[in-house]
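Single-structure report; data block below.
Chain lettering (A, B, C, D, E and F) follows the sequence in which the chains are written, and residue indices restart at 1 in each chain.
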């Protein structure tokens, strides 16, 4: 690459580095986002981006789920997963399994990938320091929970000490009962509670499209109002709904920008953050200018 | 109880409360300590003591293992536990199971019992923020580790913010490989690293005895040198060895007092801390005066 | 005492210790409160309680008078004490005597009893740093004063440095003229000015009674309004009036609780503070819940 | 006075004001120093100087005795003062009288004179916060004490908050027994303990003279060694001995300068502090240059 | 001078020193003020006053112009100065010359005179850190500017570190174009922006007079309203207008007092600041009492 | 440019940004460095680099000379420049001219170019706050000075407040006499005094070469010892000597790296700082690893 090209990238990136220094970016990380490469390579690249973001003063916070892994352990234990309206029916044994998998398997895997670069990531669950307070969604679903409150104190302490928190999305009620909670929703709630600069969903799609099968209809920027209309009109559907609703809610309640990115692109986080063009779909209020 | 008796207890306790305010107490919590009552009652009493210690300005740190629970899940998954010299042979699948059980099952159970009283406990594993750096003990044992270094920064941050850390004893090496580590040993290493005032082992025995079967030979106080001689002489043996060696090492390297207590006695922590007589066996240097 | 009983007292006391840490408790100490024991023993027990309160982070402030001792020196100097409506007529010579006795005799006696435990008590009079600003009550009474303002700065400095201030109730006007002031009233005014948690009167009665001679009518809790009615109805009278009025005023203006205790009970302060039942009579607003 | 003269005084004074800002000046104030004017006028002028010193950032500390006043009250109570080698034999009753007079009469008189200008002076005795620890000088003298230690913490707190401490020279032993102590000696010990810039004795003489009756032999500056020789040679004698010995000791142990001034000169403190020529006799180490 | 006289000056001065400690005094220094003595002597005396003011905790800020010196260099470079309504027509070459003279000649001369006493003065121009934002006054005048905003941050930083800023009155617009600005006006604007205690103009007149030729009509104190009337009535005219208008504006917008002093009087700043009578003409709001 | 290329530049740059955050970089800026473009374009690019460096937390300090400009004004004033051994003979009139040009012309030109981006640059000369203390080099040269001491306090204050200091290299002696000083030397002395991370010379050559006319002999890295040998061997000569000696001295006394760069390359500072390969010649101790 020529010196001129290198200089151009730097001149473009440095102002973003200044702008984002000290800001919180909540990243929802899902297993499916990693389809373009072997899982552990993708995880390593993702971890590297987090480490670089932190290196220039940003505060990434990772939120993750782990549906397939829960199903995996259930199956090994001879338990059949049952779903209702796309939600896993969660009895006492299932919530114990979910807790083990999310807190004891997926979470340390991410923490460990980051900590190869230094002692900087810390695993948390929503049970720690009252982080996620939850309530049962519906009696038929068992221990599937909805977020009622986020207590961000433990996250704020971590952030103030430059740690990268990695959050497993188990919540509890006042009696200490654990619930399994949708990770997309938790990511939005945490972004709100922290007054995050950005809320980022790493997915396995390029971004939102007006016509799903037509890549030329990729939406670059959209406001919460416009996005809500797309849901009503059925343009957005299925598993994207919780992401999209969290984006809309978070941006309306103070998060400056939400992003739906293609997690299969190497260093997609850096490209979104530090280039003028950005990448994927950005959700922002009309009042917020670049 | 008469006013006079109540006043006497208070007059005795208040100076200890002053002395221990701001001090760290590392408590090793083992499942066997709880034999005298139903498990969840014992856990609730233990949690209450931690909450009260914190209420008067102390900084309890909990370290736990979970051997029986690991064996439990292995058995459910159709895996046979193999032991060599009392140590579990730990292959790749076993360490994954140990990690799930310790971090995802036992740890949140303790955290949850404490957090019924407020958002004060936080679960950690040795993988978080480089807390426990480990190395393989012996090729034959697989992923059984020895502690090579404690990085107490994450614990110090928690303590400074009045959180109660609860530590699962999984460690990692530089490449991010996880190891299962003896919790008695970790408790001693953490007490040293934090310059703890006290290191407490909650067990299912009354304390150390000169003659194991003779309750009248209970040792109230003993120095590290004397205690080491008891090991050499075979008076102390078996599962007590890691506890006793950790006590000796910790006291020699700056922990003021180590205690082996009977976890079956309700509120045994409070009784040890806040009464003149204390309880169980205390290990302290001869130079340290009451 | 059994371990169980001891544990019960501790479990009960520790939350109060947390609640009261950092709080100010103003204690009016009168000679008559000590009738149950020899004076110096009672003073020693009282001093011990103050030291223990401070040990667990509370900030006791002592306010005292010394009427009998003033009369004593006057008589030794051949001066006859004259009273009008229960108040000592105070000419120039008498105020000099009162000043000598309160500041130079009673005050150092209390300070000295506390300081046997360490360098923690400091004697003050209302002349120091403008602590008590006063005005003459009535021309016929000479230098008998009413409080017009409390300047709590010197007390706040002492409290911030963990000293125990002991206040002799001499006040001054703008010209520097000294006045003798009722100690019960000063205690209330100081409690208000400091935003004290508690205002405590140590007396030689068990507490307030609905029927003075009937111990079964002891009032455990009462609101300022109800208490004022008892004064109007004549149930409370005589020397109790300034105490009761100070309690009413202090509680109405921000002091959480006022107490009339029997100073003859050993460690009565500890028993009131650190047990669920408390002791004596408590005056509190109806809005304040336990 | 001409503008030129005024300007000259200011140009001379301002550098001293800078140099002394934040410095401690211990002033021994004795009744005899005030002979040139009516007592209360002299006290008012003295108080004014202290207030002005504080106004420009200095930290005056006043130490006083009160021998004549003690004798006065003893005589009113029908007690004969007995002296041995110039020291008052002090039985239990006498120490009570000394305490009342020094703490309850002389001290508030000085405090009150200062506080006419604002709430800035605070009376202390050596019993407060362990300020003066003492031991009996000789069994025959009763409660006449020698200083064994100064605990300056309470003074340092006052100074940090810009209060002017006024110290009555009663000390105590570990058991709380009070002793009467020479105020000249206490002034020197406090100046040392505080690392004072200056130690000033206000007396009723012009300063030290080589020939007592010859005003032309006034000593302007002298080193501790030279001064000690004057004591050996008998040039300095009588009541000047404790002053002179305190000056020698204090200067040798870190006080920069000691002064013996004529307290009868109005504003003598200001003239000494803020003019090039100074006034009276200055004791300083040869190593200390102007 | 007698001790009594010296003491009187000190007693008078010390309260002013207290009152002014920590306060900002903006001094406009003009070449003409120095007519009573050789320039370098006058500058040395002025520098000494600034050093003494700083010594007692004040924060002087110097603002200067340099009209005659600009004309001097123009003439050496063979350029004729042209004036319109008393203002120098300033083309591109002239503003370069003005910048060189003010920033590179007059400013370092003042800085250097102060710094003989220590490293305390720092030269600034209005271009530094956006201190003076300006706009062209009139197309015909070229680069003659009016102040549109003061950014006092750089001055505040200097003041906080006890430096004496010396300001050359070149301002800039958003494009970086330099302008020459009237120094009297800048002094007033800076005094406002800093919330100065005083704004002082050192001139070559005794002060304002009701009748210019009659020294007995010197105005000692005047309010902004009254002063404005004198301008309307033509009593104040010519070069005094910008000074007087700045005084009026500054006092109306928060500067406590403005002064027009005779810079030819040695130590005129000290005499104004530290004596009861002051000197010259003081402009203050009627609401401000001595 | 491809996303991959952009990501590669970012992944490379971010760790340098972290490493250099909070570090001081002293940049010597000379007129000749700008030959590749029109002067004002080159200055604008240079200013942009400084602004970007500051944006990511670095602390650039600019040092400049201005020989040609001094000669220019001398010639306009009809004065002939005389040189001895390459040094300008500097009489009283010449130092006044040098002062005007450096402080009043070149310095504000650089300050102004930076401040178009915000109020962040502040012009200083060595006369400000005693920054550069100097002594005459040789009587025959007049007011040509050598640095005897740097007082970095004013620079440290600026840096702490995120200002960019721009230093004109006029120094003074104790009497306030100004001297003209070689800017290369001053840059090295300031880098030492500030413990700079880097000392950078922007020149009009590509870097040091072993054979001046052979571009293939460009030196990429060299130690102080090796570089000194090149001077002895005559490989380095002429105007490069002061630069090279300053580099050697600075690196030996704590500056981590010195650089000789080609100022004609756009964004040369960014390319040196934020790419693995760097650019130009780097001088560093052998002990310092990349």
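By definition in this document, a residue touches a chain if its C-beta (ideal position, glycine included) is under 8 Å from a C-beta of that chain, and two chains touch if they have at least 3 such contacts.
This is a predicted model, so every value here is computed, not measured.
Interface matching across D-E, B-C or C-D places the copy of A-B, with more than half of contact pairs shared by residue number, at C-D.
Comparing the centres of all chains, each the average of its CA atoms, the largest separation from chain C belongs to F. Seen as a C-alpha superposition, chain D sits on chain F after a turn of 120°, to the nearest 5. Per-chain CA centroids place chain A at a distance of 47 Å from chain F. Computed centre separation for the pair chain B/chain E is 72 angstrom, with centres defined by C-alpha atoms. Chain A has no residue in contact with two or more other chains. All the chains close into one ring, and from chain C toward chain D their sequence is C, D, E, F, A, B.
On chain A, the positions that touch chain B within their shared complex are 73, 76-77, 96, 99-105, 107-108, 111-113, 115-116, 118-125, 127-131, 151, 153-154, 157-158, 161, 163, 170, 172, 174-176, 178.
Residues of chain B that touch chain C in their complex: 1, 3-11, 13-15, 17-18, 21, 48, 52, 55-57, 265-267, 270-271, 274-275, 279.
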